[in-house]
C-alpha cells in the first residue's frame, strides 16, 4: 500500500485557508456603507468627462443631506448596458434606483414591470419644456415611464471645398458624389451600413421621411408598404453607387468619422460628436467641414430623422421611490443638462437650452439640431423592439443585396414573427 | 563538423526568428496602436508617425484600471492555486488509485467543461445574489475554479499516468524516507504537468470575459477584460482604441513575467524526464 | 492471517482487503474537494438551464411562462438560422483545429529542441495565448479594416474582407489559430518530452530520416498527448465566441452556434429558446467527446492504473 508523505495531508488545510483568505480579502475590498444618508444608485453609460459625476454630486448636495447619488458606470455599448440592467431587474434587485435607458427600451422595460410610471407633479416637471419626440420615446401605452435626459440626432456633414451647395435629397447627393468620383476627387458618402442598430436607424429615418412607418400605430403589426420600398431602394442605390465606401457593410458611427477625417469622403450622415473630433484631429480639413439638414427622400419633403438619446427611469424595486423621482428630476434639470451638453457633448432635451448663449457657442449647429429634433421620428415602440430591430438589420444586410420589393415582403414576415417573439433570431 | 554545426545553428536561428515574428507581429500592432496619437489612429501605419504617452496616462488617471488590475491578478492567482491543488489531488487519485466512481468523476467533469457557460451565467448570478457574494472576489474565484477543474484534472491525470511510480519504490528501497522519495523523485517528474496546468488555468481566469462582466457590478471585483468594456472614447460613439491598446499592453506584462518565470520550471522538469530514458 | 494472504484467499469474493479499502478511502477523499466544488456550483445552474429549455419563457413577459415540453427544440432544429450557424461552426472548428495541430506540433518541436534562446522563444510563443482574447480580436479587426489597418493595405484596393462571408470566416479562423495554437503547442510539448530520447536516437542510428523518425517513432509515442490536446481544443473551438463577436458580430452569416445562443438568450431574452440552443450545443460537444474517447481512443484517465 503506498504511503503518502505528510505534505499531502496539509494540502486540504492549505486550500481551506486560501478560500478563507479570499473571503476576508473580499470583505475588505467591498466597502459597504450602511446607515446615515440614503444612497441612491444611478446606473448610466460611462462618461469620462466628469459631467455625470458632477451632476450626481450637485444633486446630492442640493438635497440637503437627505440623499446621496452614487453614479455607477455601465458598459460602453448599449447592448452591454441593457444586459446588465435586465439581469438585475429580472432578479428584482432593489439596488437599482435610477437608470439611464436608451430611448428604445422604455416600452420593453415598462411591459416587463421593471420601471415605475411617472404621475402627477413629477410627470409635469419631467415633460415641461421638453422636446416632444423625446417625451414620446419615454411614453408607453399613454403613460410616461421616463424623464428624457439627453437627446441626439443626425445631420448631413459635408466638405464645402468639394460640395458648393449641400444636397436636399438622397438622389441629389448620390448624383453629386458620382460627379466627384468622375472628377477623381474624394467622393464617399459615409453612412452606417453594418448589421446593427444603426442600420435600423437609417431604415427608420428613410421610411418615415417617405411618409410611412415600420409598425402600425398600435404596434401590433408591420406597416411598411410603398414608403418602405422607396427606403429600401435608396439604401440599395447608395450601396451600389460610386458613393459607397467599400467597407460600408461593416461601418458604424466611429468608422464613418474616421473615414471622413482621413479625407476619402465628401459627405457624412452622423451625430454631432464628429464636429469636435474633426476640430481636434484635422485642423486643415476643419475650416471646410460644414453641416446641413439630413437629406430627404425627395427634395420637396424634409427628412424626419430618427431621434436618439437617453431617458432616465426609476427602478420598480427601489425602496425609496419618492427620493428617486426627486433625484431624477434634479439630475436632468437645466443646469445639469447644460453641463452635460458642454462637457459631455450630448444635445439636451430641454427646448429652451437651444437658445442659451453658452450652448450655441460650442454648438454652432444648435439650430439645425433643434429643427431636426422638432420633426424627429421615433423608432417602433414595442416591447419586442430588440427582435424587430434585429429582423430589420438582418434582412437589410448587406445593403448592396437589397431587392426593394422582395426584401420588404420578406421583412414583413420577419417583423410579424418578431412581434410575436416566435422562433429564433439570427 | 564545424560547418555542419554552423549550418544547424543558423538554421535554428532562422526558425527561432520566424517563430518569434509570427507570434509577435500582431502584438507589435497593439503596442503601436497604444502609442498612436488619436489623429493618426486611422492611418494604418505599422509604426506610429506621432508617438504619445497620452493613452497610458489616460487609463491610469482614475483608479478604476489599477483596481481592475489588482482584481485580475488576485483572483487569477487564488483561483489557479486552489484549482491546481484540488486538481492535483483528484488527478493523483484517478491515475494511481483504485476506487469506484472514477468514470463518473471524469464524465461529470467533462460535462461541466462542455456545457455552454452562457446559460449558466444567469442562474449563477441569482445564486450569488442570494448568498451575498455577487460583486466580490469569491464570487469570481469560485466559478473560475469550478470551470477550470475539468481541464486541470484531465491534464494532470494524463501526466500522472506517464510517471513511472516504480522510481518512488526504488528510492525507498535505496533508503529514502517517503518524504524524500516524494520530494526528490516524484515532485520533479510531476512538476511539468503541474506547471503546465497552472499556466493554462491562470490564462483561462485571466482571459475570461463572460463571468467577469456578469458577476460584477463595481470596481470591487471587476477584472481587466470586463473593465475594458467600460472604457470610453471622447464620446459615446468613439471606440477608445488607444486606451484599449494601452490597457492590453499593460495587462500582458504580468503574463509575460509569469510565463518567463514558469517556463524554466517546465524545462527543468522536462529535461529530467527525458534523461531518465 | 496477514492482510495479504487474506486478500489472496478473498479473490473473487466481494470482501476487500484492508489495503484495498484504505486505497478506496484515500482515493475518494482526494477526489472529494474537487467533486464537491464542481457539483455545488454547477448542479443547480445546469439543471435550471435544462428545465428552462422545456418552457416557453420570455423574460419580458414573465407572467406568460409555461411548460411546452420539447417544442423549443423543435423550433430550434427547424430554424434555418440554427443550421446555418452549425455549418459555420463545424467549418471553423475543423479547419482551425487541423491547422493548429500541425502548427502546434511544429512549435512544440521548436520549443523542445531550440539550441539557444530557448526561454525567449518559449515565452514569445505563449504570449498570443496570454493576451486577452477580446483585445486580440480588436487588434485584428482594426488591422483588416480598409484605410485604418496595415493588413488591409496589403490587399487590393476596395476590398473589405470582413464584410464578405467567406473572407470573414477565413479571418476569424486566422485569428483563432494565432490565439490558441500555443495551447496545443504546450500540451504537445509535454507529450513530446515524454518520448524517450533513447528510442529516437536508436532510430537515428538505424538510418531513419527526420520525417521517418517523426512519423514512425515520435508521433505514435505522442498519441495520448495528441488526443488530449485535440479533444480539449475541439471542445473549445466548437464553442467559439469572442473572436466572431468582435470581428463581425455574427453579421453576414458568420455567426457560430454560441453567438446564436447568446443573441437569443441575452438580446431576445427568450430564455426557453436560448436554453434549448445551449443544451443542443452541449449535445453536439458531447458527441464530439464521445467520438474522440471511444473511436480515437483518447485516454480517458478513468482507466485502471497500470502497476508497473
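To keep things simple, chains are lettered A, B and C as they appear, and every chain counts its residues starting from 1.
FYI, a residue touches a chain if its C-beta (ideal position, glycine included) is under 8 Å from a C-beta of that chain, and two chains touch if they have at least 3 such contacts.
Since the model is a prediction, treat every value here as computed from it, not as a measurement.
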Pair exhibiting more inter-chain C-beta contacts, B-C or A-B: B-C
Farthest chain (mean CA position) relative to chain C: A
Length of the line joining the C-alpha centres of chain A and chain B, rounded to whole Å: 36
Euclidean distance of C-alpha centroids - chain B vs chain C, Å: 15
Residue list for chain C, restricted to those that touch at least two other chains: 23, 26, 33, 147-148, 266
Interface hub residues of chain B, defined as touching at least two other chains: 41-43, 86, 89, 96, 122, 165
Where chain A touches two or more other chains at once, by residue number: 2, 4, 12, 15, 83, 258-259, 262
Touching residues on chain C, where the partner in the complex is chain A: 19, 22-23, 26, 33, 58-62, 75-76, 79, 81-82, 145-148, 158-160, 162-163, 248-252, 255, 260, 263-264, 266-270, 273, 277
Residues of chain A defined as touching chain B within the complex: 2-8, 11-12, 14-15, 18-19, 21-23, 25-27, 29-30, 45-48, 72-77, 80, 83-84, 87-88, 91, 93, 252-254, 257-259, 261-262, 271, 273, 276-277, 280-282, 345-346
Chain B contact footprint on chain C (complex, rising order): 20, 23-24, 26-28, 30-31, 33-35, 37-39, 41-42, 44-46, 48-49, 52, 107, 110, 112-136, 138-140, 142-143, 147-150, 152-153, 178, 182-183, 186-187, 189-190, 193-198, 224-225, 228, 232, 235, 239, 242, 258, 261-262, 265-266, 271, 274-275, 278-279, 281-282, 285-286, 289, 299-302, 304-306, 308
Contact footprint of chain C on chain A as seen in their complex: 1-2, 4, 12, 15, 79, 83, 86, 90, 108, 111-113, 194-196, 246-250, 255, 258-259, 262, 264, 383-384, 386-387, 390, 397-398, 421, 423-426
Interface residues, chain B side, partner chain C - complex: 8-9, 12-13, 15-16, 19-20, 23-24, 26-27, 29-30, 33, 41-46, 86-87, 89-103, 105-116, 118-120, 122-124, 127, 142-143, 145-146, 149-151, 153-155, 157-159, 161-162, 164-166, 192-193, 196, 199-200, 203, 206-207, 209, 224-225, 228, 241, 244-245, 247-248, 251-252, 255-256, 258-260, 263-264, 266-267, 269-271, 273-275, 277
